[in-house]
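Next up: the structures, one after another.
In the two assemblies presented below, chain A is common to both, partnered first by chain B and then by chain C.
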Partner chain A sequence: MSSYEISKSENYLNYCSDKIRPLPVTGPDAKPLPKMTLDGQVVEFVPGDTIMQVAERAKVASRIPRYCYHPGLSIAGTCRMCTVEVEKAPKLMTACSTPATDGMVVRTRSEKVLKSRSGVVDCLLASHPLDCPVCDKAGECELQDYDYEYGPSRSSFVDEKRVFPKSSTRKLSDKIVLNMNRCVACERCVRFTDEVTKTNDLVMLNRGWKKELTVGDEDKGLYNDYQGCLSDFCPVGALTWSDFRFQKRVWFLRGNASICDRCAKGCNIEVHSEKEIIYRFVPIYNPKVNAHWICDEGRLSYKMVTNSHRVIAPLLEVAGHGPTATSWETLIPVTASLLKNSSRALLVLGTDSTMEECENLRKFFSKFVQNGEIRYFNGTGITTSSENKALDHLLRQNDKTPNTKGVESLGLKPLDVAGVNGFDTVILFRSGRAGIPSVAAAKNLILWGVWSDEEVRAQKNVRALLPGLATQEKSGTFMNCDGILQSFKKAVEHRGYGLDVTRIIEKF
Partner chain B sequence: MGTINVSREYSVKEKMFLPAIIQGMIITLKRFIQGFIFHKKYTIMYPEERRNYSQRFRGMHFISVDENKVENCTACFLCETVCPAECIHIVAEERDSASNPYGVRKEKKPLSFDIEVLRCCFCGFCEEACPKDAIKLSRNYELSILSRQEGIYDLNHLKREVKGRG
Partner chain C sequence: MSDLVITKNIHEKDSFKIENYLKHDGYKASARVCTTLTPDQVIDEVKKSNLRGRGGAGFPTGMKWSFMPKDSSKTKYLVCNADEGEPGTFKDRLIITRNPHAMIEGMIIASYAIGAHVGYVYIRGEFFREARMLEFAISEARANGHLGKNLYGTQHSFDIYVYRGAGAYICGEETALLNSLEGKRGEPRLKPPFPAQVGAFGMPSCVNNVETFAAVPYIITEGAQKFAAMGTEKSGGTRLYGVSGHIERPGVYELPLTISIRELINHCGGVRGGKKLKAVIPGGASAPMLSAEDIDVKMDFDSLMKAGSMAGSGGVIVIDETVCIVEMACILLKFYEHESCGQCSQCREGSHWLAQLFQRIENGGGTMADLDTIASLCGNMAGQTICAFADAVTGPALSSVRKFRAEFEQHIHQKCCPFKKDHKHIGHKASSVQGVPGVTHV
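Take a look at the complex of A and B:
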């Protein structure tokens, strides 16, 4: 099986995985596809496409602004931002909901269209607070962008703006803050909880001027496990992600593709960082794995990488002091002699190690240790990948490590009940996600990879610690719970003395 | 990086240096005679006497405050973004919502606001970018400090400076 590399592709057909749009038939019985004219360019489409989807296939979707349309949700056709001019139609048509027909002639930038868009933006801004300086969406806000591109130079309204006193800063849950004044009533959020999470925990109350977003059940509040997605796709700053609230302005952030290692699903993410400090994870569209979404647990999992208690310097045991920070030059000879002098050594690979790391460590171990054995350990409630099951109908998995299947595919065996009995030296390698087996019976314990201060202190027999890199700090390959191989590149630079496995092995 | 050596030909006159020295001494002598004999002054008796700078002179920064002595800055980072010297460093936080008389208007505030004034080029871009008229450059040009540490103005310092436009 070949792996593919995770990357962000803006122009990819942004269709949601659970509503897969037909792709053109190829082969001998392929019929010629219908054609339409889009801004003078003749484009082919698949019957059933709407004008917006034709534009997506032709990779010119950015010519059509939209609020209510989202490729992962059903079509509502309520915002009227996406209107285009269709020849022979008396009125402007909404691109998101008008089916394309053979021979249709569509213009996305005619004078009439631009006038209509300017009017729509003007109306949306009629009671918009325009508090961009304090709004976290500023910089990636569709209202800002479209107003800049299509909006009128000045507002035609002089009336007082509508204010929702109770919903100006309302915590819908611990994770999401609502500012109803900013909402443009696109109802993406309502459709998301209806169609994707199927929890229906967001609803719109009232109509027109008084239309207000609120939770479905006041006692339960907002409770789905994918709340972060709300703030991703809310076109304005109405729903904001508490964890990122006021942390950083988005234009400072650099986005690099990587993978989420919080569970066996392996969702594709973009790591947003500044000066190599991670500020947030956002999903990357991948129809095979996560579609447009990622779960909240994964979204918050960057905290393990930036944890202030993470050990990022080599440690060596000093009698009476426990593990103490040292340099690689001191650490390597001591570790090497420890391994050489051990009668039976065990290498335990966490199931959060990449395929490459497993291979390299395996080679290293067989070269360095005469009487050694290699096992893998999951430790997040399951032992082997066959025990993994999905926690809901979307993404979340029981297996909280990213590569159990992959480690198994390399022919390794799980750590059995006998554990570490009979071994005098044990190396534990993990990247911060796999559990920690009980290793108190071993005489010498060598920790390798990503460890926090507390985890190291909990072990009484640590002789050395070799700090490694977290998933977002290295490149590698994971096999997810569905057997899909995904490779990823380094998204941020490690800020510390931790090194890649190959670099450490070179030192020996 | 590296050094670039530029060489050029010196004329005989330049090589002797003497003409240049004499030229300089003549100017010194002229100023001496003008000052000592005709009492013409080229300097002022600072600090008793001060120069009158333009109203638009850009000196020390300050952050304006409202009637409750709360800074007008909402930590929007626009000054940090525009600053060509990259000398403004802001950390934002949420104003305690329970005790916030301003509501949404001032829900975000700077936790820390530091200007490394030793790097600042006094271009005034920050003042221009600020949507809240919070950061401003005063006409105060007496910026001497005794240590580099004092060259970092924090929020307290900046708020303290509020005395109109100097």
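Take a look at the complex of A and C:
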């Protein structure tokens, strides 16, 4: 079975479209596709495409600036930023909404077009506070980018700027802060809550220059589970993600592709980090899995990786002191002898282990342990993948581990009700997401993988702890709840003594 | 003086009642259309009459009707635009209060031509009394068998419902009107698709102005030739002109399209108090204003277009020499600033910017650079947005600067308004509506 390799898409999120229609079936009697000229380049298109989709198909969509257009949302055509010059049309046309026709000649950079875009940016900046130095969006702001590219060299606006006193720093929820002064009224957010989450918890109030974003129901507030996406696609700093506010200037961040392991969906993410410290997760477009979105729970799940209570050094039990930090050189022989001397050993694999880890540990276990068995354990409210349910119509899953299906596909059995009874040595391997079975009955407990201080202290019989890597710190393969195999690469370097499973096994 | 199309009998007592309308051969045209003509014949007749939309854009009505899909199984809707919000325009109100049955009959004929069975009258929210009167007229027509199922013994059924708007100027734009009719935000839609393909509730719809519908029965009764002969080569019939401002006898006048502005002003008794004329807005507030030198232009669509203005909604605002053009433009722009729906970037921000800029010039804080800003800003707005609202904003802004630049420069150099001493803007006074018969006051 081949797996899909998650990688950073060449283009920014807003330029990847799920609006591209499939090519019609080709055959001997298939009609040739219509053609149009885009900036002098003749491109084919599928009937029904808009000019924007033609540009997306030709991979030159980044030539057309946009505010209200988002490839995952319906077309509004209101920002007037994507206007292009169409030959024989009296006015400039919006690329997002104008259907392409055979023989159409489109120029995306003509003088007329540039003048119009400059006018739009000039108007948008008239009442914009220009507080980029303190704005979290600065550096990835479409208003900044397009102003730099298309805007006038100076503004002739000298009057008083519009201010929304009540919405200058308004907490719409615990996760999102609104600054209406920065808003360009593209209404992506309104359409998102209308069409994607279907919660309608954001609406526009008033009209004209007094137009103000507010919550649909003051009592409920903003309550959908995908609020982080609002901040992702907000072209300006109007909607900011509380968790990331004032944390880091975005130009310091390095983005590496990885996978979200907070649930069985396996959303593709870009891990934004500086000096190997993760600051946020943002989605990567994958039409088969998460499209343009990820949920808030997944977005905040980076906190487990950067958790200050996470154990990142090998631990060994010292009589009277409990597990105490040690070195790998001391730990490995002790662990090896524990395993060799055990009468009956059990390896419990958390369903957050990658396929490769499962394979390697299975080999390692059968080599070292004569009388042993392997089970998997989910522990997030379900036991097998068949019990998994989708929590909403979008992405969120009941199964809070990323690889239950994958572990099952390796032929492993779930940890049954009997638990660890009858085993004197138990190895618990997990990457921080799977639950912890009750293992008090075992004489020796060896913890492996990602554990927090509290989780270790809750176990009374820990003999050793072998720190491992969290999902974003390693490469591997997961099978998501829909049976899609996705492989990912290391996004950040581990900042401790934790090691990959293969490296630890080599030490034995 | 040519024949009157709409206002012939409005001076009679209770002219809005159906007895009065029937006395003057009312509902004969609709009966004849439904029983003897085919829809295509009706559309041809209207095309031949050169009737052009009276709402402002002046689109040929027969052409609009012929765009409606013929063999579609979809429900079709006929919508009457009675959202008369253009400042200086009050002609539709006259039709609704004095001759509503002409409009209803026109709607019946139109419904037959396009194959619609439901008609909506979208009436502006402030027209409360007018909405009541219209409801009354519709119920009269229904009681007399002109609305309902199987009209005049044919297969054609048609009924009209009145829908009151909530007071947004932009809902006079046909697609914003349709959105508002559906209960959504009154924001213009992206075109294409045009209402003839996807209109009210996603169905093919045809939107026409009150005056357009009211002219249709005449075309059927008297023949398209006679109607076409009244007007110019490209637009037939007469027009209702709502003349207001500094004029001796303000009011609604039905006059041929071939009349010039000078003739119109003289017809209405000349400028009030014998003062000198300064400017004329020929077609509602969004039409660019014309100075006193330009008033020999004819009032038809094409001549006004050539003169740099537009026929618009036929609301003629006469401005005498005592008016400060900057202040007047400022008041108009405040209106537009308030009424922009706020969808398109340039219109939302630009209308606010312009209003602020004009206010500053009026207050004496303007600079010469501001005049260039006005020109470039209007250039950025006009023709760049979804609907024609941005063009409407630039109408008064650009034309006032172009025609009365000296006055702007005076404001800028003197750092104050030269008219301020003896001129004060008096707010809108509630007009008396007493004496409209048959309506209980609420």
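Quick note on the criterion: the second predicted complex is superposed on the first by the 493 of 508 C-alpha atoms of A that agree within 3 Å, B and C clash if a C-alpha of one lies under 4 Å from a C-alpha of the other, contacts with A are read in each partner's own complex, and residues count from 1 in each chain.
The rule is simple: a contact is a pair of C-beta atoms (placed from the backbone, for glycine too) under 8 Å apart; a residue touches a chain by one contact, two chains touch by 3 or more.
Predicted, not measured: the structure shown is a model, and the values here were computed from it.
Legend: residue contacts after superposition of the two complexes on their common chain; A:N181 is shown touching chain B, with no touch to chain C. By the document's definition of touching, of the two partners only chain C reaches A:C79; chain B does not. In the superposition on chain A, A:V134 makes contact with chain B only, while chain C stays out of contact range. When the two complexes are overlaid on their common chain A, residue A:R249 makes contact with chain B while staying clear of chain C. Of the two partner chains, neither chain B nor chain C is touched by A:N200. Residue contacts after overlaying the shared chain place A:Y67 against chain C, while chain B stays out of touching range. Note on chain A: of its two partners chain C and chain B, the one contacting more of its residues is C. Using the contact criterion defined above for the overlaid structures, shared-chain residue A:S475 touches neither chain B nor chain C, since it reaches no partner.
Touch criterion not met for A:S7: it reaches neither chain B nor chain C. Note: no residue of chain A belongs to the chain B contact set and to the chain C contact set alike, using the contact criterion stated above. Partner chain B is touched in their complex by these residues of chain A: 129, 131-134, 168-169, 179, 181, 245-247, 249, 251-252.
Looking at the complex, you find that chain C touches chain A at residues 168, 170, 185, 190, 192, 337-346, 348-353, 356-357, 360, 369, 372-373, 376-377, 379-381, 383-386. Per the touch definition, chain A reaches chain C in the complex via residues 67, 75-81, 83, 91-92, 94, 97, 99, 115-116, 118-120, 122-124, 126-127, 156-157, 159-160, 162, 184-185, 204, 206-211. Of all residues in chain B, only 74-78, 81, 92-94, 97, 103-105, 107-108, 131-132 touch chain A in the complex they form.
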